[in-house]
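Below, each structure is written out as structure tokens.
Next, two complexes with chain A in common: one pairs it with chain B, the other with chain C.
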Partner chain A sequence: MIASILPSISPGTLLAGGVTATAASLWLLLPGGRSGAADRTARWLGWLLGIVALAGFIATGHRLGSVGEEAVFLTVALVAVISGAATVVSRSPVYAAIWFAMALAGVSGVLLVLGGQFLGVATIVVYAGAILVMFLFVLMLAQPAGLAPYDRVSNEPLLAAVAGAVLLGILSLSIGRLTAEPPACCLMGGTKAALLADSAAAEPATAAASGIDMLADNHVARLGGELFGRHLLAVEVAGVLLLVALIGSIAIVSRGAADAESAAARRAMP
Partner chain B sequence: MILLADVVAPSPLVLDGLVVGAILFALGLVGILARRNLIVMFLCAELMLQGISVSLVSWSRHHGDWGGHVLVIFVLTVAACEAAVALVFVLQAFARTGRLDSAAWQSLRESNLSRTIDHELPAIDTVPLKFPKLAPAGIEPAADEDAALEREHV
Partner chain C sequence: MLPSLPTIVALVKIGLLVGGLMTAAAYLVLVERWMAAWVQDRKGPNRVGIPLTKIRLFGLGQPLADGLKIILKEDFTPKHVDKVLYVAAPLVLLAASLAIFAAIPFGSSLPPIPALGLTGEEPLLVAPGLDVGVLWVFALSSIAVYGVLLGGWASNNKYGFLGGLRSSAQLVAYEIPLGLGLLGVVLAAGSLKLDAIMNAQASSGVWYAFAQPLGFVVFLIASFAEAARLPFDLPEAEQELVGGYHTEYSGIKLLLFLVSEFLHMVTAAFLIVIMFLGGWHLWGVTGSGPVETWLVALIRFAVLSAKIFGVILFFMLVRWSWPRFRFDQLMNLAWKVMLPLGLANLVTVAAVEEFRPQLVTALGEGWAKAAAIAVPWAVFFLGWIAAGLLTPSGTDNTPIRTAGPLDAEHVLGSRPHDLVEA
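After this line comes the complex of A and B, so read on.
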């Protein structure tokens, strides 16, 4: 849509503009030690530039098949990305945690669209249900009243924003190149090309036709079969890892409590 | 063995999923570099993990196998372990310094780095918060003195 309205803009220019807008937007949005009206103006400008950058990314994106699919994917992806940005730039850590929950909802939607039914639900249950609640518990235990000074300033916001935007530019550049034909140098003469042609003729190439359908009825059963068949050892190791983390965190807590008690006793002695 | 996926171009949905994963990863990177609050830094690390998960599931869809899904399940497991241990460390750090500030531990920095000093801090917005109030209705109940003794506040 946008690309057809602005046909004169080349994809390279669009990408460079998107990277610049992303960097400027993140720099304006991050807590930068401004106060009062200047901060509010900077945040408005930052969100506007962020919307411009998002529009650039949507314009360079690829058209999916149907309008409905596109609308659903766009909605969940925008929820994930905008909430992720709000997580990063929120002054209050409690708001950051709540925005992160929203970003998790968006990510789980993206996973559902991509065919990860079990993972979409597991993300909500494990992340939003367990990990995020743990974060909020720690925040309630440790957060001082009001906004702390260190929540109102950032470490080098300009450099961080530029680094993130440049990384994003490089990543989207290499993702855009995936659609291109493989360079001739990598085909090693005619033999590999001939092999490819043979095997491509022998078996269907696309994922949908290769016999593993992500959207099958018994999705979870197949995932479980894969997990407890081919990756059984890794599952056992993950179980041991969970146990070690449990014991380790309890050990650190009780050790810290003993240290604090002995320190208090030492202070009380003289 | 020749991977056919090396030559078959990914579908548009896979590419869009990869872009979403890249954006989430970059946002989390910016947060971890810039923010000072330890808990917000951890949230940003989790955001980067979410970006990785989206990318893995996209590639799994492209290749038509379960490898990406299984990896994401292990990412979830390790993230849970990491959050448990790291939050305990954060609590211990808070107990020692009274702050959730990463700059409170800057004595651990490299010797050639300069010290982080907060020069001028912005003033807190003094706009008072407004909460909704219920209109008074009915008659005021008689105060129960026993209940008032039992608890100081609700």
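After this line comes the complex of A and C, so read on.
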């Protein structure tokens, strides 16, 4: 039924509807300081609207080649999107961090399905494996007594929801190009088929000239060559920047230790 | 609609691997208990045989009895825990430690089987197309930290929580020397694929344990720490530290934690063999070319399995040979000994690989090969002597006087007696 109705609506209307539903859903879901019963109703409504919006985006998106590929892609993509929403709307910081880890796992899965193996695994190593673990350490150590009141509400939920949804719309427009046929207003604008078709159509000269093939076997070697060939300066500058940050943090820590030592010495000789 | 042939092949491999790993884990526990009994000069488990008969079979029924016992135990969930994360933590840990094996080869490859439509050599690896195998292993072993951290936090118990922090700090710290050990091998082999690393060792005939002794030692010690085996088994230190992150767990959830820790040891043994001990290669036995007959495939599988079993026996023997580290010694070892040694190894390997062509032109093929092995060994002994002379790990057992009760206030940001009160 949906499939027969959807093509008759213009893509622009469809996109506007999807974006509005997303915004409303996010606004209802965000912890906005409502009272108990109202909050529960709002959350139910929010999840319902969000599922409707998501289903609309999926129904109008590009299809991948095989059913298996499609199923795997949809699974990881849904994990990423739903966990992303849950990260923003969770009431507990620790749960937010866990949902964020799930979102990263989903994104990494999407990258793996699309052929970006290095980026997919690097997402896990860098974000989920290192940065988020540090977040969790801090969250767990900093709040043994429970949540502070300002962790329970979000500031400006309406503005945040609208801004997020507008960003989603703009990205869908720019990636999906809003062509009349088939409707491409979609979260899934970045599918393999679409990306390959787009890049081939948009910049055939550069793609052919630099010999970029996303699905080639030895793409880690190619990525390395690219990074340390064309972008060598950027890599070196980033390395120096990290080194400076490291030295700065050591300087701050050692100064703190010195202060503590001198304070202890003052206490010791009254 | 039937799934395609690659999908079926992958599913079969996954089934074989998971089934084999679980069975192996059960029987390795028995081997571990036998090893403990042998070291301690007692008999060990030798009674349980076929149920309801008097046949003993050297105690080979023991894993079944152990498994049944722990599964049928009361699965008690304390009232004060965070229910969702309490259940999720062991599952995360087990899922991560099984998913690691997607990128780990468990043999060389099978010869073509035209009857089933497999025209090429079939690699014994679940995800042969994964170009980033080493990084995949690294990524999933960093996911294992979540199981530890969440288990400790969700238990809502001070001992469990501190145990979780302690273990996750250990895992995070030893990931760095582990990564440095990996990097040396990746640099020498020029690939992130584990099967390509084995092929590189087989074709040159020089295992990386001989070409990079420092990297081997660093990786070996770091993988002991990552698998939380003695002398790094602080999660298990119930005599001194009331256990670790699984203090509040019982029954099948505890079993999941213990199985995943055991799988970490098996993973570590796989990695040590594949990256440093030549994988399926053995001089004069396995050859180094493509697999053409089933005999070669079987021999290579047997060689790899035997090596892995040997490394696991080494793990078990070490368990009864060294005392446990104190936590500060453990951290000092990671940051002040292993990290510099790992870096030294990396620089040495990079230099040797960079100047190998010049060495070959200057000295000839044979002498260049000898020099490429001699230089890392010289660095190895120098590094060993330096680490021994500087002794930053404080191996004596004098208590540390740097932290007073007031420092605890400074560090934890709360009054010390809050920690003592229930």
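One rule holds in what follows: the second predicted complex is superposed on the first by the 205 of 270 C-alpha atoms of A that agree within 3 Å, B and C clash if a C-alpha of one lies under 4 Å from a C-alpha of the other, contacts with A are read in each partner's own complex, and residues count from 1 in each chain.
We take it that a contact is a pair of C-beta atoms (placed from the backbone, for glycine too) under 8 Å apart; a residue touches a chain by one contact, two chains touch by 3 or more.
For clarity, every value in this text was computed on a predicted model and none was experimentally measured.
Of the two partner chains placed by the overlay, only chain C lies in contact with A:Ile98; chain B stays clear of it.
Within the superposed three-chain model, A:Val220 lies in touch with chain C and out of touch with chain B [touch as defined at top]. By the touch criterion defined above, A:Ala163 lies against chain B but remains apart from chain C after alignment on the C-alpha atoms of chain A. Once the two complexes are overlaid on the shared chain, A:Ala130 sits against chain B and chain C alike.
Looking at the shared chain after the overlay, A:Val121 reaches chain C, while chain B stays out of its contact range. Contacts of A:Val67 after superposition on the shared chain: chain C is touched, whereas chain B is not. Judged by the touch definition given at the top, the superposed model places A:Met140 against chain C, while chain B stays out of reach.
Touching more residues of chain A than its counterpart among chain B and chain C is B. Once both structures are placed on chain A, chain A residues 118, 122, 130, 141, 144, 260 are touched by chain B and, in the other complex, by chain C.
Every residue of chain A that touches chain B in the complex is listed here, in rising order: 22, 26, 30-31, 33-36, 39, 57, 61-65, 69, 73, 77, 80-81, 84-85, 87-90, 93, 96-97, 100, 103-104, 107, 110-111, 113-116, 118-119, 122-123, 126-127, 130-131, 134-135, 138-139, 141-144, 146-157, 159-161, 163-165, 167-168, 171-172, 175-176, 178-180, 182, 192, 195-196, 199-200, 203, 205-208, 210-212, 214, 222-223, 226-227, 230-231, 234, 238, 241-242, 244-246, 248-249, 252-253, 256, 260. Interface residues of chain C facing chain A in the complex, by the touch rule stated above, are 1, 3-4, 7, 85, 129-132, 135-136, 138-140, 142-143, 145-146, 149-150, 153, 161, 165, 168, 172, 175, 192, 406-407, 410, 414.
In the complex of the two chains, the chain B residues touching chain A come out as 2, 4, 6-10, 12-20, 22-31, 33-37, 39-40, 42-44, 46-47, 50, 53-54, 57-58, 60-66, 69-70, 72-74, 76-85, 87-92, 94-95, 99-103, 116, 118, 120-125. The touching residues of chain A, counted against chain C in their complex, run 66-68, 94, 98, 101, 117-118, 121-122, 124-125, 128-130, 133, 136-137, 140-141, 144, 217-220, 260, 264, 267.
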